[in-house]
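The same subunit A turns up in both complexes below, where it pairs with subunit B and then with subunit C.
Then we have the complex of A and B:
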């Protein structure tokens, strides 16, 4: 990436930003070159992860957050991690619907990531897209992940502030509790708070929080109610996000969060790179032959792995 | 594992099976030794993956499947993958509730896997537990995974027959479509079919299936209705699982599915092993120093990874 392009990216030129994100999504040498050129300009954005099961309305909520930050004059980037299948078309449709609401505003940049395949591909593409938006001067970067899976949860947890969204009305199943993602939450939100069972859901979340031992100065995640479709409770949620940031700053935890994120990224990149090098060094036939040997029960998977590495 | 223990495991001795699964869950040298001893005795079980978002009732459904197979005199192993947080205690409670229903029957073996931490740990432990149950003569092995995450979905997809469970009543959100997991389904089940909106959910799933181009002899996943709490529709679902197996056998696809599973396992084991070797060779201080360099924007993550590997 030449200095002129870096300057345009830093000025927030939407085309340059879009092209850079497409490149980091594809990965490879160009992605690395872009990150090398822009990385020194990162570190100003407040990165906010938002996660929760499908059906909790978190996309609508993320849009409402974006509108709120825009009203305050802050520039907002949204990275929606949506490992939707190519044929369902969910990501694209979702993007279009969202665009209608926030389009024409150059202070907002929305991008869905749908990279699949190679291990860590999605997580790497997402963190690099966040870096691009950070370097491009977006003060708020919202990273939204669907589902309750380990990968997806980790992506949302790699933020300064992590929000877990819940919806009432699924009987006695509190999804965040069942999926074991409560411990990553800095802010818990029960969206669709106009539905029945909202108080039962809040009570269950509060009870679960009380089970966790806390030191005196630990952050206690608030349990908030929102109705994203009407905007109700959104201002309060944004205020709590601000309080969390102030807490992190007062306790020198912004840097600690950032370092934890970089450590996780480093491990991931190292794993991918080592795997890529191994696969370049081995021809496909060898792997196929090993799989045949396993299928014939002549060796097990661990013995085959040993053959491949050793 | 000595020949006597292998013989007892193959005879289905529940204590020996339980101990072997605990060992593969811990991983390490003992796990590898067990797999080396038993792997040649695997390959007879029909491995059935069951996945879906929290709240779809898939645990109850899996129990109903188990009862059905038991009535036919088949031995059933259940591996429930539940990365629930240590402090929520969901996995343990869930296990106890399930045990009440199926306990005292030596033809059923249920195990929850809750391993977290190292990359691939859960997936490796799960596939090794399946091998133990297979070698122990369980003809049906049900692998249940919570959530819509990529890892969890892949665990359920590494089966002969994969079932995706959906529940109606979440408005216009069809979780399986949103989470992009429809393409792994051999059988789609809308559970809680006594709730409203069941026909809308079925219609949306059918429409989504119709979008996918199919060759003439491709398997077309049926969309079935069940009410797991009353057992309604379960016999039909079990019959469809049997039809899918017959389809795989008639088209020589059982082996193809198995090979795909072994290939995925091999890649995963190789990645973990390489990472473990790298971490053994590097002292922690070096990684911390690199993270400091990244935090100071003196190098980016890719450059730090290069330093570590090169």
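Then we have the complex of A and C:
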């Protein structure tokens, strides 16, 4: 990436930002070149993950959060991730539909991403897209993912502040507990508080939190109520996001979270690169021959893998 | 470098509130392996161009029923041009009178699909057009030594 393009990216030129995100999403040499050019300009954004079951109101909430931050004059980048169909490789990315209030505002940049499914690819692509937005001067970066599937959950957990969204009225099941994503929540939101059973859902979440052993000075996630479609409770939620950030800063945890993220990224990149390099030196027929041997029970998968690696 | 999936913005400009047709097309394109950014009904030309820009799409597909194409299409094309998105493939579907089709094509819509068009044909058309565009770009890169 030439210095002119970097300058344009840092100035938030939407065309340059959009193209850079496409490139990092695609991966490869161009992606690396971009990251190399912009990485030192990152580290300013407050990265906020928003996760939860489909239909709980994440996109509608993200729209509301963004409006609040815009009122304060902060620039907002949004990455909204939806699943790729495993059958066709295509995807319907519909999160923008709920974010139309933000259109026409050059202080907001919304990007939809499909999970695409390459090994370790999603987390890397999302994290790189966040870096692009960070370098482009978006002070708040909201990352919406579906709270199911390890990759998506990891992405949300890698934020500075992770919000888990729940909605009442899904029977006795509390999706966040079922999906095991309570652990990653810094802020719990019960959205659709206009529905019945809100208090039951809140009580269930509170009880679950109480089960967790608490260290002194530990952050206890608040359980908040919102109605994203009217904006009710959103100001309070934004205030709690601010409190969480202040807590992280007061305890030097911003850096700790960042380090944890970089460690995970590093491991992932090494894994992916090792795999790619290894398989580059192996032709397809060799793998096919090994598969044949495994199928004939002459070798098991571990032994076959060993002949590839060893 | 492997090509990315084709990214398509499906939008419905105009004031009528039906988007069944647009949704059917969106699903068909997904099933054809494309990434479809679906923005729904009542999209203004500005909103369409902004979404196309931020999402860095290969294709903008417009669905229209209200007959507002005469007024809206030129404004959409102008907005896309203003954002330097001239290279995006433009297609449209819905109810466009036969007499208007030449003018719509003249504006830059490569594909104009009437109500009877099969979704497979739409997907095939898009795939073919994008393959051509990508091929042409690859040639340009090779010639200028950027590959």
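One rule holds for everything that comes next: the second predicted complex is superposed on the first by the 294 of 310 C-alpha atoms of A that agree within 3 Å, B and C clash if a C-alpha of one lies under 4 Å from a C-alpha of the other, contacts with A are read in each partner's own complex, and residues count from 1 in each chain.
Here, a contact is a pair of C-beta atoms (placed from the backbone, for glycine too) under 8 Å apart; a residue touches a chain by one contact, two chains touch by 3 or more.
This is a predicted model, so every value here is computed, not measured.
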Checklist entry - Who does A:111 touch here: subunit B (first), subunit C (second), both, or neither? => result second
Next on the checklist: Let me test your reading of the model: by the given contact rule, A:54 touches which partner, first (subunit B), second (subunit C), both or neither?
Outcome noted: first
Next on the checklist: Between subunit B and subunit C, whom does A:254 touch in the aligned arrangement: first, second, both, or neither?
Outcome noted: neither
Item to check | Touched partner set for A:5, first subunit B, second subunit C, both or neither | outcome: neither
Checklist entry - Touching A:26, do we find subunit B (first), subunit C (second), both, or neither? => result second
Next on the checklist: For A:211 in the superposed arrangement: first (subunit B), second (subunit C), both or neither?
Outcome noted: first
Checklist entry - First (subunit B), second (subunit C), both or neither: which does A:200 touch? => result neither
Next on the checklist: A:146 in the overlay: touching subunit B, subunit C, both, or neither? Say first, second, both or neither.
Outcome noted: first
Next on the checklist: Tell me which touches more residues of subunit A here: subunit C or subunit B.
Outcome noted: B
Checklist entry - Just which bits of subunit A does subunit B share with subunit C as contact spots? => result 84-85, 87-90, 116
Checklist outcome for this item: Within the complex, subunit A is touched by subunit B residues 32, 35-36, 39-40, 42-43, 53-55, 82-85, 87-88, 90, 116, 119, 122, 146-153, 169-171, 173, 175, 177-183, 208, 211-212, 255, 258-259, 262-263, 265-267, 269-271, 273-275, 277-278, 287, 290-292, 294-295, 297, 300-306, 308-309
Item to check | Complex interface listing, subunit C residues touching subunit A | outcome: 1-2, 4-5, 26-27, 29-40, 44, 46-47, 50-51, 53-56, 83-84
Next on the checklist: Applying the document's contact rule, which stretches of subunit A touch subunit C when the two form their complex?
Outcome noted: 14-15, 17-19, 21-22, 25-30, 84-85, 87-94, 96-97, 100, 103-104, 109-112, 114, 116
